[in-house]
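Sending over a structure as structure tokens; questions will come in a sec.
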Amino acid sequence: MGNGKQTLVNRFRRLACASAIALAATGAQAAEEVNIGFTGPLSGGAALYGQNTLEGLQMAAKEINEAGGFTVDGETYEINLVSLDDKYSPSQAAVNGKRLVQQYNAPVIFTPHSGGTFALQAFNERDGFVVMSYTSVPTVTEKGNELTVRIPPTFTGYMKPFTKIAMKENGKKVAVANATHDYAKYWTKAFVPTWEAMGGTVVADNPMDYNKSADFYTGVSKVLAEKPDVMFIGGASEPTALVAKQARELGFKGGFVIMDQAKMGEMSKIIGGYKMLEGSVGVVPLTLYEEPGAKAFVAKYHKQNAEKDPTTEVAYNYFALHTVVQAMQEAGTVEDAEAIRGAFSAALKSLKPENNPYGVTAIDDKGGMMADPNIATVKNGEVVLQRMSEVLAE
Amino acid sequence: MNALTKISNFFMTPAMKIVMIVAALLFPFVAGNEYQIYVMALAFVWAIAVYGMNIITGLCGQLNLAHGGFFAIGAYTLAILTVDNGWAFWPAFIAAGAVGAILGFLVGVISLRLKEHYFAIFTLCVGFIIYLLLDKWEELTHGALGIINIPAPSGFGLVDFTETTPFYYLALAFMVLSIWLASRIAHSLLGRTFLAIRISDDLAASLGINLMRNKVLAFVLSTTYASVAGALYAGMVRFIGPAEAEVTHTFDMITYLLVGGIGTLMGPLLGTLAITWLTQSLQFLEEYRMIVFGPMLVVLVIFFPKGVVGSFLSWRGRRLAAAHDASQTKEKAASNASSNKPSAASTQEAGNHA
Amino acid sequence: MLQLKNVEARYGSFKALEQVSMSVAQGELVVLLGANGAGKSTLFNTISGLIKPSAGTITLDGTDVTGLKPSGLVQNGVVQCPEGRKLFPEMSVLKNLMLGAYVHRRNKAAIKKTLEDVLTLFPILDEKKDQSAGSLSGGQQQMVAIGRAMMGRPKLLLLDEPSLGLAPLVVKQMFETIKGINEQGTTVLLAEQNAFAALKIAHRAYVIENGRLVMEGDKDAMLGNEAIRKAYIGA
Amino acid sequence: MLKIHNLTKRFGGLAAVNNVSIEFEANKINAIIGPNGAGKSTFFNLVAGAMAPTEGRIEYQGMDITGMACDRIARLGIARTFQTTMLFDQSTVLDNLIVGHRLRTQSRLWDVIINSKRLRDEEKKCRARAQEVLDFVGLSHIGHRITADISQEEKKRVAFALALATDPELVLLDEPAGGINPEETENLAALIRKMVDHGVTVCLIEHKMDMIMSLADKIMVIDHGEKIAEGTPDEVKNNPLVIEAYLGSDEDAAA
Amino acid sequence: MELFFQQVLNGLTLGSIYGLVALGLTLVYGILHVPNFAHGALYMVGAYVSYITMVDFGVNYWVAMLLAAVAVAALAVLCERLVFNPLRDAPPIHDKIAAIGIMLFLEALVQMQWGAEFRRMPTPYTEILDIAGMTIPAQRVLIIAGAFSLMAVLHLFLKKTMTGSTIVAMAQNREGAFLVGIDANRVAMMTFAISGALAAVGATLFAPINLVYPAMGHLLIMKAFVIIILGGMGSIPGAIVGGLIIGFAEAFGGFYISTDYKDIIAFALLVVILSIKPTGLFSKGVH
């Protein structure tokens, strides 16, 4: 009997060791390290998205470490980024979260999806780590988790300016034809009431599965049958571009309201410029921003990746890790999650502009970042940028 | 009997069962950290569902590819009842099992009229319909947004199941219960009835077995297992989305079953644990994991079609028979009385196999 | 031309053929007699390469063909017309026949010639050549099966129970045809239940019982032999 | 014991069994013979309930069982074996037999869950019955073996035992001696006789004539789906119609 | 009315691609009785080969299609030799699992090599045709014409050539095929090759109005299974008709009922039909 137990225990020890060794191989050993966790989709359908968010974190970590680390309470630390794949699955994210906090004592865990965030929130307050959630879904901060930070500003701010511009440029009849995933649903839920409150009508409501659909013609022709002035579209940039293209092919002359997940710049590459997006309102990639912080970041990124432009995911996560490090310095601890979370407000104020490409200004008391982003309108084939506050003030 | 046989016998004794249970009970104390306990608990929850699949697929021989769908149905029933309707956890948990059983009955009555590939692909489609409904039926399921704030199982007195270790014991208890029931079924006349159907519908019918009734019973048992596991899962992860119903989960469960040994009693558990920990230790491969995993699956079905436990049991069964024959020739005088005993013992053990 | 030496075939532990040695000479029509389950089809399938012999050798015109694939044997001129016909039921009669010439597919002219011969042999098939084989009557299907085998231009034709399930009148015609085929130079090995009719057209015969050849002899010796009766009806 | 009236089964236009009437008596060995494809297996399938007849009536011990489902017929006491032996290869021989007595038990899922006394009694009964039939077919010495490892003839005996475990009064054996060697065939014939001695009626399809002729009490000969003869082995053996069916007519030979 | 015809066109476009993919699946099933779950992955690999040869090596659209067909045919043959052939006599669950293994492997391999991002496949046919008031992109016409001519070619190949007939013969009577000298291995390899080539051509036709990414085959393969069950497994006309049924059902269902539930239509249809007729629509006349 004793023998049997021994082997079982040993077996698990060995397994645990093997996995620890395997993991250790991913990060170099240094004297003083802070483990920062990441769990996100690195394989499966959402892998690209996950890798983009991770890239931003890696960029920031590399930058910090190459600059000799950062000092907290007289001690110099380097960042060790521990990334685990969760295939976009909440339960895997929870497993990874446990692992990151238990095996690596990570005080902060990044995750780029709402499901993962919800799963981590089941135990993050008890286990004492900050969830850095890269998702615009408002509910991640609404339920009052004290150790959650929502990195991108909530999209609800876009509703009024988008509606205002679209109505002015095109007319009051909108057809809803955006994607069906969770984020798109949240958008629709916020957008439709705003549109109606501002005097518009929704003439067709026909969301489509942008990532699985074989073909958008059916769905697009269906909403076009209702003769809308404006089409509300949006999902990932590429399929969104296709929807816009097919709508034009089917004779749609109005403008698009493009959900912020799709970036006009990326769409223009697929459909050959902005001509097809005439009269549309949406967001553009960072590369088109005029602000010095954005320009500095883009330049830095291009130095490392000559061929690619930084995506929003890269930029926000880059910013977020810098903010975390700043907050650790402000709080004077690399361990106490509550203190780190508490120092975010101060950290945002002292953050260097080049580390804050989107110009995030503050964090609300529930943990949501706040910013005044640029809104893009296509007029005569050209993109016109305006600050959100400017649009609202008009 | 040589040493190997002795060891192999040991694996089958009641003592070994006690050792395994004690090891499982002690695991949280020897585990390096809570993460390992958490993974283990999650593996137990999956194992419960895999035991369900073993009843319909392993015992009864019908490849059910809607199993993941029923897992999700259990999880959603629990979530909807607790979050949207304010039920307490345990009544909702029981309801989840019941819903799984009822829907299983309805699906079973239609699908079990089909045979072999038709049944497999039909259930694949049923699984996909379940997924699409969970994804699209927003009024009921919250659609793609998923359901958050699912309560953990209500504790009794001082026990708090939001904590990992208590939940581990809860999952362990349910799993032991599941295995116990599965073994009851497998070793009983009922299990033998299922097995006769697996061999051949014609043979089973000629032995006076009502095919439809028994197949539906096996199907309902399996979906009940799946939805109970799903309900536990919801209480553990406390957030669910339509992704839980994706067919990849069914494929995962088939893999667990196949690695462990389909139709065996310990196979589902061993397979689930082995693959779960292997996946965890292959994490460093990240997106390249499947490059190793895919071919592994192929190699496994080509060279070890019976799985770990299945291969072991065949080997052991032969050894025992050989040992028995040898002892019989030695004691030529041995009459029925003495030969009865070993054969009774061996049947009981081979019953473990069924 | 065909020589079997101590051929054995097994299904698991069961020996379906045991120590079978036989020979068929060029131009002969040899009958293999035996009851159901005696091993006739097993022997045929072993010669055709569908079953690998577990022991013994099979030679064809002096070359060892043991263990060759069925396609290899067809190429060597050993063509079987199987029991139960094994036609391609949804294909036209003509298509069935053409597939019989599969191994000669490069030689279009020769195929055309053989086809003419076959259709002369079975004029009814010419009429029905565009109908699906499955829609034909039993006797006509049997003709398609024999015709298909003939299309392979066999040196040795193995006919397994061609009279099975046919009306008596048709059976008679069938034996006439087989005799004709043999007379035109094709060596034939015929397995039959219908012993009298088969012996009538044969040169020699073997009797198989429980997977062993128990008797061999020429036509006349066999016709009067009580042992044959025993092999079929027992005692 | 079994009375068949004008039994007919058509597939499409083809009559596989055509207007067959016969009576099998209890405690006898009844054989059905005929050339390949004569309709013997279809006849068995009709009696066992695997197929429903197109026309005709089957009466078993005075009860009309025409068109009844397989499993109900089995419970009435008709057991069968198949041409190919189907057993669970990974279990022991004895284990394979336990399910045979299932149809004489009542236990449901609930009994399994609570491990009721009824279940325990019935399992004991099934196991005992399995051991009993294993002894009966003379295989108690290999009850512990993995079924995959036993010989073809032993498998045939296990299949017999499985059929016997259902407590049948009539056993239908489909080619019991197919695929086994002559010596083994004789042993099997002895076993069949033993079955009859113990009060079971046997009805079998077989090709091995010497076995049939020495074994059967009554033979029915089918050709082209129709009954062409019935009687004792001697009667059948000398029936010109039978000889013709098997050997071809003298007329053919004379032609 | 114009919208109605628009849906007819959509139905044809979807239906012809579904039919093409289902054809490959049904051929393999007819010969080997393997439900090849990896078929969707072959489709995906075909799209990638076309994409890479066109974008990275600048070859012509049609040449790329040909290269993809050859490459995927070779890959399919490799799968047959290394995996399905050894599993010939295995229990029926095992070849399904092995197919799943191949699928996981190919997807991971493609993702490792080319990443997970959505790619847009270029096509030389970007003009929009205007026929009788209907807007028809040229690529769609190409899809319909291409798919149907390929089906016609396949039909002719199977019906008129000796080599093609061997495939049909093998499906209709395996042993009969052996006895006329047809080599089982040859036919199995050829069938897999054809099925792979069909998938690759289908992918190259369809991808320009769609996106190329590692998971692109998932939904398609599920629908292809629905189609071959509807059409009777192994039936060639059944696959084509089944493809069109699903294509039209989705186009019209998506338009008149709900785009959101569009993907359920195929599966719901299957459940309903199989509940009434457990052997599929065209189970007679198969082979």
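Details
As written, the chain order gives the labels A, B, C, D and E, with residue 1 at the start of each chain.
Note that in this section a contact is a pair of C-beta atoms (placed from the backbone, for glycine too) under 8 Å apart; a residue touches a chain by one contact, two chains touch by 3 or more.
Quick caveat, the model's predicted, so the values are computed rather than measured.
For the pair chain A and chain D, chains touching both partners: B. Each chain's centre was taken as the mean of its CA atoms, and the one lying most distant from chain E is D. Centroid distances built from C-alpha atoms place A farthest away from chain C. Set against one another, C-E and B-D show the most C-beta pairs in contact at B-D.
Each chain gets one centre point, the mean of its Cα atoms, and the points for chain B and chain E are 34 Å apart. The distance from the centre of chain B to the centre of chain C, with each centre set as the mean of the Cα atoms, comes to 53 Å. The mean-CA centres of chain C and chain D are about 32 angstrom from one another, to the nearest whole unit.
The distance from the centre of chain A to the centre of chain C, with each centre set as the mean of the Cα atoms, comes to 75 Å. Across the assembly, chain C contributes no residue that touches 2 or more other chains. Residue positions of chain D in touch with at least two other chains are not found.
Touching two or more other chains at once are residues 108, 111, 116, 260, 263 of chain E.
Every pair of chains meeting the touch criterion is listed here: A-B, A-E, B-D, B-E, C-D, C-E.
Only residues 3, 6-7, 9-10, 13-14, 17, 108, 111, 115-120, 128, 135, 137, 206, 209-211, 213-215, 218-220, 250-251, 254-255, 258-260, 262-263 of chain E touch chain A when the two sit together in their complex.
Residue ranges of chain D in contact with chain C, taken from their complex: 35-37, 151-152, 175, 177-182, 185, 207-214, 224, 233, 236-237, 242-243, 246-250, 252-253, 255. Residue ranges on chain A touching chain B, taken from their complex, read 1, 4-5, 8-9, 12-13, 15-16, 18-19, 22-23, 25-26, 42-43, 47, 83-85, 88-91, 94-95, 98-99, 101-103, 114-115, 118-119, 121-123, 126-127, 137, 139, 143, 180-182, 184-186. Chain contact summary for the complex, chain B toward chain D: residues 181, 184-185, 188-190, 192-193, 195-196, 198-200, 202-203, 205-211, 217, 221, 263, 306, 310, 313-314, 317-318, 320-321, 324, 328, 336, 339-340, 342-343, 346-347, 350-351, 353-354. Across the complex, chain C meets chain D through its residues 11-16, 35-38, 83-84, 161, 163-165, 168, 171-172, 175, 193-200, 210-211, 223, 228-235.
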